[in-house]
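Dropping the structures in below, format is structure tokens.
Shared chain: chain A. Partners: chain B in the first complex, chain C in the second.
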Partner chain A sequence: MRILLVDDEEEFVATLAERLSLRDIEADWVTSAREAEKIADTRHYDLVVLDVKMPHMGGRQLKQLLEKKMPGIKTIYLTGHGSEEDYKAGSAEAEYYLMKPININDLIDKINDALAT
Partner chain B sequence: MPLSLKLFKPDFLWGRKTSDGPLLRHMVNYGRLWRSAVMLTALSAILPLLAITWIDYNVSRKAVESETMERTSRTVSNTRRTIAGFLTERKSALDFIVHDNAMKDLLDLPRLAVILDNLQKSFGGVTDIGVIDASGRQVAYIGPYSLEGKDYSDQKWFRKVIEKGIFVSDVFLGLRNEPHLVIAIKYDLPDGSFYILRTSIDTDRLNDLLINLELSPHGNAFIINDQGILQTTAANREKLFEKIPIPVPPVSSKTEVFQYTVPGKETLIVGYAYIQDTPFILMIAKNKNELMKTWHKTRLQIFLFLGGGIIIVLGGVIGFATYFVNNIYLADQRRVKTLHQVEYSNKLASIGRLAAGVAHEINNPLAIINEKSGLIKDIFLLKQQYAQDTKLISLVDSIHDSVARCGAITKQLLSFARHMDSSFQPVELEKVIQGVISFLGKEAEYRNIEINVQVSPDIPQFESDRGKLQQILLNLINNSFAALTEGGHLDISAEKLNDERIRITVADTGCGIPAKAIKHIFEPFFSTKVNVGGTGLGLSITYSLIQELGGTIDVTSEVGIGTTFTIILPLNAQQHKKEGE
Partner chain C sequence: MTIQTDPLGAAGLTFFSKISASISHEIKNSLAVINESAGYLEDVTLMTRKGLPLDPERLGALASTMLKQVQRTNTIIKNMNRLAHSLDEDYRRVDLGELGELMAHLSERTLVTKGFRLTLTAPAQPVSVITHPFFLQNLIWLTLNFAMSVCGESKTILMAPSKNAAGAEICFSGLDRITEEMVQDFLAQGGRLLLDALNASCHTATGQGRLTLSLPEDIHQLKAS
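Entry: the complex of A and B
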């Protein structure tokens, strides 16, 4: 099980990755969509956790690119924002849609759920 | 209220004053608008009516008056010819006699008696005849009195007859005590001397002539002399030889008509004519009021017509003005209400946007704090070297708890903002109620207000607009909080009424609403909190929101005991809304 975390807040995403690895979940992190594309070319991931709103390219657009590279990849959206549109689209497209700040145990539960199906 | 009654008792004058609100009252003064509309239209309709009536009044009055005058003038003119003819006949007869008979024949008494007899037969009323010589002595006389030898030389009529050749006397009683007049005619003899033939004539015939004139009941024909003394008996009026109350009119060769008001009595229309070569003035006086009686009838008709016209015009004008001003008033009211709703929802929307922005900005750093503190805790728990340090763990835990609380607040803000837009979706009532209470939970705690929520479990998830439902509940609970004092209770309960409707009640134990105010609490700008910053919009917005959801709201309250709002909502608001549209 390998997970990719994409969020423009480095402090957040780095810490989250470290906490996941403390729980024996292998997690890589990047802070932009471009880096995510690059790293996706080199490695395979089972699941991506994407921030919906990022500079240059948002999570929803990135998900489509990644899906082409890795068909069947699972997605969990993270967001600090809560527009109606995002909420509807996010819950329809991704397996889960979580609001920041998140509870680490919630996230792990959702990851397990998503990968189990 | 039926329309017809509304035309005269419109809302904008007698309606609910409080709903006018300060704003509306400043926009238009409906009373003044109504008054100027009524004044302008009424004036433009009534002024021409008055003008036409006035003209018609004057024209017909003048017509009646001049007709009356002309009729009088005609009667006078005709009568004058008759009277003049009467006198001329007799004068001509005398003239014929002096020319037909030589003086010696006239001095012959038997002959004179025959002449008198003939005159009497031809004309009647001739009572005596006499011949007077140039010295003024009556030289021959036939008649009931022995007047032979009487000297007339110093009498006025004698001098007049010498001067003019003919003389007609005033009417006088004379020795016989019968009204009569004297006609005298002078005959010039070839030798430069002259004699005078004189007769007395009864005026009975003259009286008969005048009395038999066909005049209107209040008309009166009579003859006066140039002193204004009556010469004939005026029918049922002044007696012979009395002075009439009308002044002697100026000499005129034609028939004249004038109006004269007897001081303190009626106004008369007087027609008169001087009868030539006599001291007589023929006069016909008629009571003007009697003559104008037909005119009075016409005048009454004119005034009735005018009055009726004014009443109809005023009724129409007032009715129309009221109808239009009331429509303007109602339209303005609707507009103001809509404006405020728009304003209010705009306000709510911008609050929503602000809340969402703030929440979003805070969420990111909050997430970092969350992860960092989580990591610290992870390290404490996973690495044995820190595991024993319970104090640090509890510190980290409290950071974690605070972050979780902040997170909960921002999530609520976001979800509140998210549901600002109108949309129907499945709603769980209990969650909505709890969501709203969670906003106000802290305040309730501080103020020691006990909130009980009882939602009947048989209420299903139903289609409604969550944002509106939230606003409705938020407004009602806020109102209750404003009314509650420390230690009060707020009970919120919900139950299913039937398959289509649910009932939500929000009951507080606050100060209550006075009966006078309770009728107005759903009207915009009605506020009991005027001086403490109430907008007076809360409940009116609530009311319209509930209407949008297809529901109704009712309120009961008792001062000092509490207030209960009861909302009935359909389980399918969308369907209700469509049916409503």
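Entry: the complex of A and C
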């Protein structure tokens, strides 16, 4: 399993990737939609964890672009933004919509569930 | 039953709730970084117990990250507190350089998320007026939102407070796509209400991509025509 983490909070996303790798989950990370598009041209991912609110392009728009490059890719949204509207829209589009801060074991459970479907 | 709404109060609540949502988002982001750093410390503690060596460099970097995030959150909360206390008094002398800085901080996330940048030019000398701080913050926020809709290709909005003959002004530039019609829409959608409450006026230089809010030295002064 290979996953991609996209979040503009570098210290968050880098540490999360490191913690996932300690649990034998191969995770690459980038801090913008532009970088995500670029890396998706060179590697295949089974699942992407996207920050909903990012500068220039948010996770919801990025999801559509990544799906074109990697049909069938699973998505988990991760956000600090808690509006009801975003939650409803995000939950309908992605496998899971999680709020920061997260418990890493919960995230791993959701990753496994998403990849099992 | 007819619900009576106070337009100025409603505008203020909208402003306050948008800023509160943005602040809570920022705090959550900061907490998420601290959470992952603490989680990593927990991970390495477990690994050390199993006999794996500690990496002092990595531990030092984690401590530094957490301290930086505590500082970041503290600044966010301080700004939130300053905004909340701006309703303590109806009128007081307000330093426009300080207020501009506060609004730049409070609006940063909203602007950055939409791909914009705000550059505040601090006045060389302190510029202050007697005004209603909360209404002025609300007007600046509304103007910044309008500025994003008319900003040029550079996606950079410049905000500069300065003294003028009547009292002071706050100039917004970089608004390359601004037209008189758009300004009228902006005024109709809450801008006029706040300008009147502040006894202030608005001037546009459409050819130069500039909009200026002019404030009297004292809000109780008769408005200059």
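Simple rule for what comes next: the second predicted complex is superposed on the first by the 117 of 117 C-alpha atoms of A that agree within 3 Å, B and C clash if a C-alpha of one lies under 4 Å from a C-alpha of the other, contacts with A are read in each partner's own complex, and residues count from 1 in each chain.
Keep in mind that, in the parts below, contacts are C-beta pairs under 8 Å (C-beta built on N, C-alpha and C of every residue); 3 or more make two chains touch, one makes a residue touch a chain.
Source: prediction; values computed, not measured.
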item	value
When chain B and chain C are modelled together on chain A, clash or fit	clash
Partner chain in contact with A:Asp41 - chain B first, chain C second, else both or neither	neither
Which of chain B and chain C A:Glu9 touches, first, second, both or neither	both
Touched partner set for A:Asp24, first chain B, second chain C, both or neither	neither
First, second, both or neither for A:Ile104, with chain B first and chain C second	both
Offending stretch of chain B which, after superposing on A, collides with chain C (from 92-100, 326-334 or 362-370)	362-370
Interface residues of chain A shared between complexes with chain B and chain C	9, 11-12, 15-16, 18-19, 22, 80-83, 99-102, 104
In the complex with chain A, residue positions of chain B that touch it	356, 359-361, 363-364, 366-372, 374-375, 378-379, 382, 403-404, 406-407, 411, 414-415, 417-419, 421, 423
Chain A - residues contacting chain B, complex	9, 11-12, 15-16, 18-19, 22-23, 80-84, 87, 99-104
Complex interface listing, chain C residues touching chain A	21, 24-29, 31-37, 39-40, 43, 47, 62, 65, 68-69, 112-115
Parts of chain A lying in touch with chain C, wherever the complex brings them together	9, 11-12, 15-16, 18-19, 22, 53-56, 58, 79-83, 99-102, 104
